[in-house]
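Listed next: structures, encoded as structure tokens.
There are two complexes below, and they share subunit A, which is joined by subunit B in the first and by subunit C in the second.
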Partner chain A sequence: MDDSLSRPVSVAQPTTWQRYAGVATPLLLLLLVTLYIQGASSAYIQRVWIILGLDIILVASLNLFNGFTGVFSLGHVGFMAIGAYVSAILTLPLEKKAINLPDLPAWLAHIQLGFFPAILIGGLAATLVALAIGRPVLRLSGHYVAVATLAFLVIVRVILINATPYTRGSRTFSGTPAYTTVWWVYGWALVTIYVAWRVLRSPYGRAMLAQREDRAAARSVGVRVLRSRMWAFGISAFLTGVAGALWGHYILSFSPNAFYFAETFSIITMLVVGGMGSISGSVIGAILVVLLSEVLRNLEGGFSLGVVQIPPLYGMSQILMAILFIGILIFRREGLLGGREIDLTKLFVVDYWRSVFRRKEV
Partner chain B sequence: MSSCFAYVRPTQWLRLDDARSFADSDSRQTDQSERTDAARLDNGQILLQVRNLSKSFRGLLALQGYDLTLRAGEILGIIGPNGAGKTTLFHLLTGFLTPTTGTIHFRGEDVTSAPPPVIAEMGLTRTFQNIRLFDSLSVLDNVMVAQQLHTSYAFWETIIGWPTFLRKERSVRQEALDLLALMGLADQARRRADELPYGGQRRLEIARALATRPAVLLLDEPAAGMNPHESDQLHQLILDLRREFALTIVLVEHDMRLVMNLCERLQVLNYGEIIAEGLPEDIRRHPRVVESYLGAAH
Partner chain C sequence: MKRIGSLLSLALVIALLVSGCTAPAPSSTGGGEAASAPAETIKIGGAFNLTGELSSLDVPAANGAKLALAEINAAGGVDGKQVELIIRDGKTDPATVANITTQLIDSDKVVAMIGFTDSDSALAAGPLCQEAGIPFITAGATSPKLPSQVGDMMFLTPFGDNVQAAVGAEFAYDRFGPKAYLLWDKGTEYTTLLADYFKTRFTELGGEIVLEDTYQSGDKDFSAQIAKAKSLGEQPDFYYISAVPDDIGTTVKQFREAGITGPIVGGDGYDTPLLVEVAGDAANNVFFTTHALMDADNGSEAVKSFIEAYRTEYGHDPENAFAALGYDTMKLIVDAIQRAGSTDGAAIAKAIEETQGFPGVAGELNYSASEHVPRKGVTMIEVKDGKFTLAAEMVPEKVPAP
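On to the complex of A and B.
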């Protein structure tokens, strides 16, 4: 059972016990931390923990496309919006539908679905849209596809604003039942990471990476570039749509403005900080950015460093995050993990950590 | 310092009974690959038929009036000065460029405007002059990418990790390792492709091309940068590959020693046209060829 992905020729192979322990330990840790936070922490910390989980889904699914295929999509938040609105329309209680969305067509006005089916349908809606726009858009490359996907983001927002019978237009969409719990979020986060990991270690993933590295060489050995990109786009859109559905049922009221540039750049910052192409990088990038921005936001109200009193500087946290982003691009463009993965199966192999930290071949 | 071009002679690792180069019940053979295998049995059959091929780039005629009849099992050499249109020809044959005029028929089918993946699936594969590997992928992954042509995977079995998928992956990986062993790269399987030395990268490109199970292999300057000893090993390797994989080979080369000794037939291009075609011993004395390319020493 070996992984065929790039890593140095290594002598230190983990035993079966170490393999299972290596994967199980972070999961166990996650469970313990979540239980602790749910039981003993303030509402604020619980909120941060949920937001972190949602961001992990968003970044990991964006990485599945941007990182694996090398195509830079700026429009993924559009899929998040589709997931949120579609699932929210489906779960909205019938009485609220009558009040908030009086002009819904009859077949929608009388449906009320449970959370799980609504999430799935939200994700599938995003996938269908992805496949529809994929054919023309994914033929492009470089700056062109970035702009085309950005146009998609704008189009989604405009449609949401104008589809008033379905979405209340630019007014706030509220009344969504509060279905999202920390367990839903982290359950889906684990699903996302697992799917991304499986895709990476599959022929689909290899084809995506190949056409990322060298499009002509990939075609010359039979890789169909457009098809490969469509697969990544569709899977990534589904997971992003799911994240949108979870988000919509957490935040409970939202409008098209919530799914626009601010959210886009937030996710992209996490992706770039962690390193594109690496699943562990996405997770670490999300953790770092979420925690850092929370810490900075709390300091915005002013604080004291011993004798010195720092005055309130509202908005400073966003400026600092932007400076971090620029710094990463200048000094470590490949991101913190540089596109490499943390090999969980080697968590308990001492030599592995030695090779990681001393950059020595083991 | 020993040559970086050592390789293992193909012996029994490939089960070559029934002219099937890769007997493996786990990877389902597509119609295309079965036709490829059948083609290998017919020696002398015309595999590639090119008629009046030309390519012009906004008025600049890179290739004109090019004809080729390629028979199964032969080794054809294409020589000529730089800029003569040899690489353009390879681009045209493998679908990276569309001809301005002319037709290309590969095993009876018109592939004049077919895209590269389709042509690769039909059994025509090329290597690149300036080695194009998947740099950040491992050596093993580089070969495994090329094997997807001949194995089919359902998406759901991949995501869930179904036993049928795991079995297919294992057999694909074994086949890739066997190919790497053939080219002397088995111990480098987990290295990044761009960490290989130059000779290793050339061999990896050939291994990757072989993984597509071609009937015809187009080699674009495979001996570039090699010393005479390595070039001799390449000579032997090409003969071995032809025999073991039932290949037909077209070679673009500047190494005259290799070309004259290895190729059974030569075409000489200059300024986009064929100026001579025939046996190596005739070509080396052909006045136009000597004047435009070879010089007197050959």
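On to the complex of A and C.
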């Protein structure tokens, strides 16, 4: 399978500064848009932008496992739930803890951590669980992993509902401090993208891709299939746990229902739309699905098209999104980007522009 | 070429984002007809889960609110100003619920907000309203803890679950006896709280819970629970089952098919046409507490005229009592704005607190500064020959602490 790493470059090899410029351009663009939204837009647009950032982390970290190893996990929202609950319990102010969670064991009832340590512990808790279930589950392959991880999601939900002293059971967990800001979210989004990018180019990443393409061949040249999958699973669970913690401190009131099939499928949709195995595809998938569903949702209350008045059609946005999804599965099964990356490096290579303009002259 | 395609799609997204920012807010001034609103209107936010799991409760509530709006505007609005209800769909998704609340407050500039029938959504929306200083009345969430969790801008139109559970316990204790079987759905806050409050009040009365059992929302098979109940040496006097609307028909049917004929008692989750549709004859000898008997023949005068108006507007009877609650909520908020003589959030909240004897379709509403959950009566319904009939109108003697 062709990917951007091995594709021969027709123009001269880009120099180091050109590479940096290629990476810095989208980041700068992102920073500018975020600054603009913080400064000039309504609270609603700011909300959507934060939700988008959270989804970018979720999709990119899911991609780190599903896309790089080719094994499909349906259970990642379980890690998100672990991150959200762990971080929320650790940061809940003591007086609220006494009211909301009266049955907490003493060692938990008297601690209140800051946001950053709570996020890290949330992520680490998810990793620990991932490593524990990873050994048996990741030996499986194909659909069996999907089924096993789905079972994991169900187990997480049942545990959350029954661990009443810690989670309030099925009742809404509220009072989570509102720590998450746009900078926390996009800071972690950058970390996630950077980590995914580094992993992809590390020996472990190469091993992941190798066993994805051909397990037997990879094994025959000494790639340890289980170990490479475990690495991907652990890192991806950590980042998903972090996203869950950020999500919890943004949404503030949630119950186990929030971390179930609906959320699972919404993240998988973004992943599949963007293209599995592509980091920039994850980002684009999240942007496309989040923004499009918001735009469609705003139109379903009814609007006027010049002379034609469109009546309110609630639920239309879900139907249109589903049609779009089916369309992508039919016409671009590999997603918008497939396994490729958007590489802006060439924009800074003089030869590239020359070739562009020369083509136009013909 | 493919790269150009992806860049094009990116451009499309940006174009959509820009158009999204300027998309007109959906609005409704009554039964959905196009509105040419006068220059100055009083805007009220209507946040409902019109799609998703909760739509069977939220759609009737939203319809009730729209009906009330049409009546208010036909009668001249508030001080000559028309009232506008801006309805947005929360899609039974916490992130979307928060999004639409922010939109209503920030983009639509509503002066007050109504909506939702579940505490998850009310808890997602409430704090945003509280922060903005905008009163929020939930049309159907019955958790009595909501005002203490959210703050002084949060109000309920329905009674609290502690009140209806107390009525259920007192009624069943007097009528059926002191031995109860208790089954609840662990999957939702509503069913868990309702069972807790029932147990508190029932044991306080001197009753005994002979067997407690649980299940999960969406379980379709109750044979394990039924086998346990049947293995009891002596059957209890009645069965209290705390369930959500989607499950209750199946539950009742399976209990009856297994030969359990005793009275089954429950809360307002039973108030759905599904109960009789799914369970059929098995639904007889079922009792439940709810907001009002939505019956065109046996209901109160207020209920009868409400059903009549609802039929005219939508072409069918109200689906359940949440239609009446949505209607009451809209009437209450507009009445409060009128009495406050201002659209200032704090003034409206104060006017709601001063509400006494407000005649709602689903019971009279009374509030005070310390009671943001209204003091109101509870309707006990008995299913007889496949029809909902009035068993009692009660105010509980004692209510468990929220």
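Methods note: the second predicted complex is superposed on the first by the 336 of 362 C-alpha atoms of A that agree within 3 Å, B and C clash if a C-alpha of one lies under 4 Å from a C-alpha of the other, contacts with A are read in each partner's own complex, and residues count from 1 in each chain.
In this section, a residue touches a chain if its C-beta (ideal position, glycine included) is under 8 Å from a C-beta of that chain, and two chains touch if they have at least 3 such contacts.
Note that the coordinates shown come from a computational prediction; the quantities given were computed from them, not determined experimentally.
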With the two structures overlaid on subunit A, would subunit B and subunit C clash, or do they fit side by side? fit
Who touches more of subunit A, subunit B or subunit C? C
Report for A:265: first if it touches subunit B alone, second if subunit C alone, otherwise both or neither. neither
Name the contact category of A:325: first (subunit B only), second (subunit C only), both, or neither. neither
Go through the superposed model and pick first if A:171 touches only subunit B, second if only subunit C, both, or neither. second
Taking the superposition as given, does A:348 touch the first partner, subunit B, the second, subunit C, both, or neither? neither
Between subunit B (first) and subunit C (second), which does A:220 come into contact with in this model arrangement: first, second, both, or neither? first
Superposed arrangement, angle subtended at the Cα centre of subunit A by subunit B and subunit C, nearest 10 degrees: 140
Counting only touches as set out at the top, which of subunit B and subunit C does A:209 meet: first, second, both, neither? first
On the overlay, how many Å separate the closest CA atoms of subunit B and subunit C? 17
Do subunit B and subunit C touch any of the same residues on subunit A, and if so, which? none
Show which residues of subunit A lie in contact with subunit C when the two form their complex. 41-45, 47-48, 51, 158, 161-162, 169-172, 174-175, 251-255, 257-258, 262, 284, 287-288, 291-292, 294-295, 297-304, 309, 311-312, 314-315, 318, 336-338, 340, 342
Looking at the complex, which residues from subunit A come into contact with subunit B? 4-10, 195, 198-199, 202-204, 206-207, 209-210, 213-214, 216-225, 231, 339
Under the stated contact criterion, what part of subunit B meets subunit A in this complex? 94, 96, 115-117, 120-121, 125-126, 128, 132-138, 140-142, 144-146, 148-149, 151, 153, 155, 158-161, 165, 169, 172-173, 187-192, 208-209, 211-212
Complex contact set, residues of subunit C against subunit A: 2-3, 5-6, 9-10, 13, 16-17, 19-21, 23-28, 32, 34, 50-51, 87-89, 91, 93-96, 98-99, 102-103, 105-107, 119-120, 123-124, 127, 149, 186-189, 192-193, 216
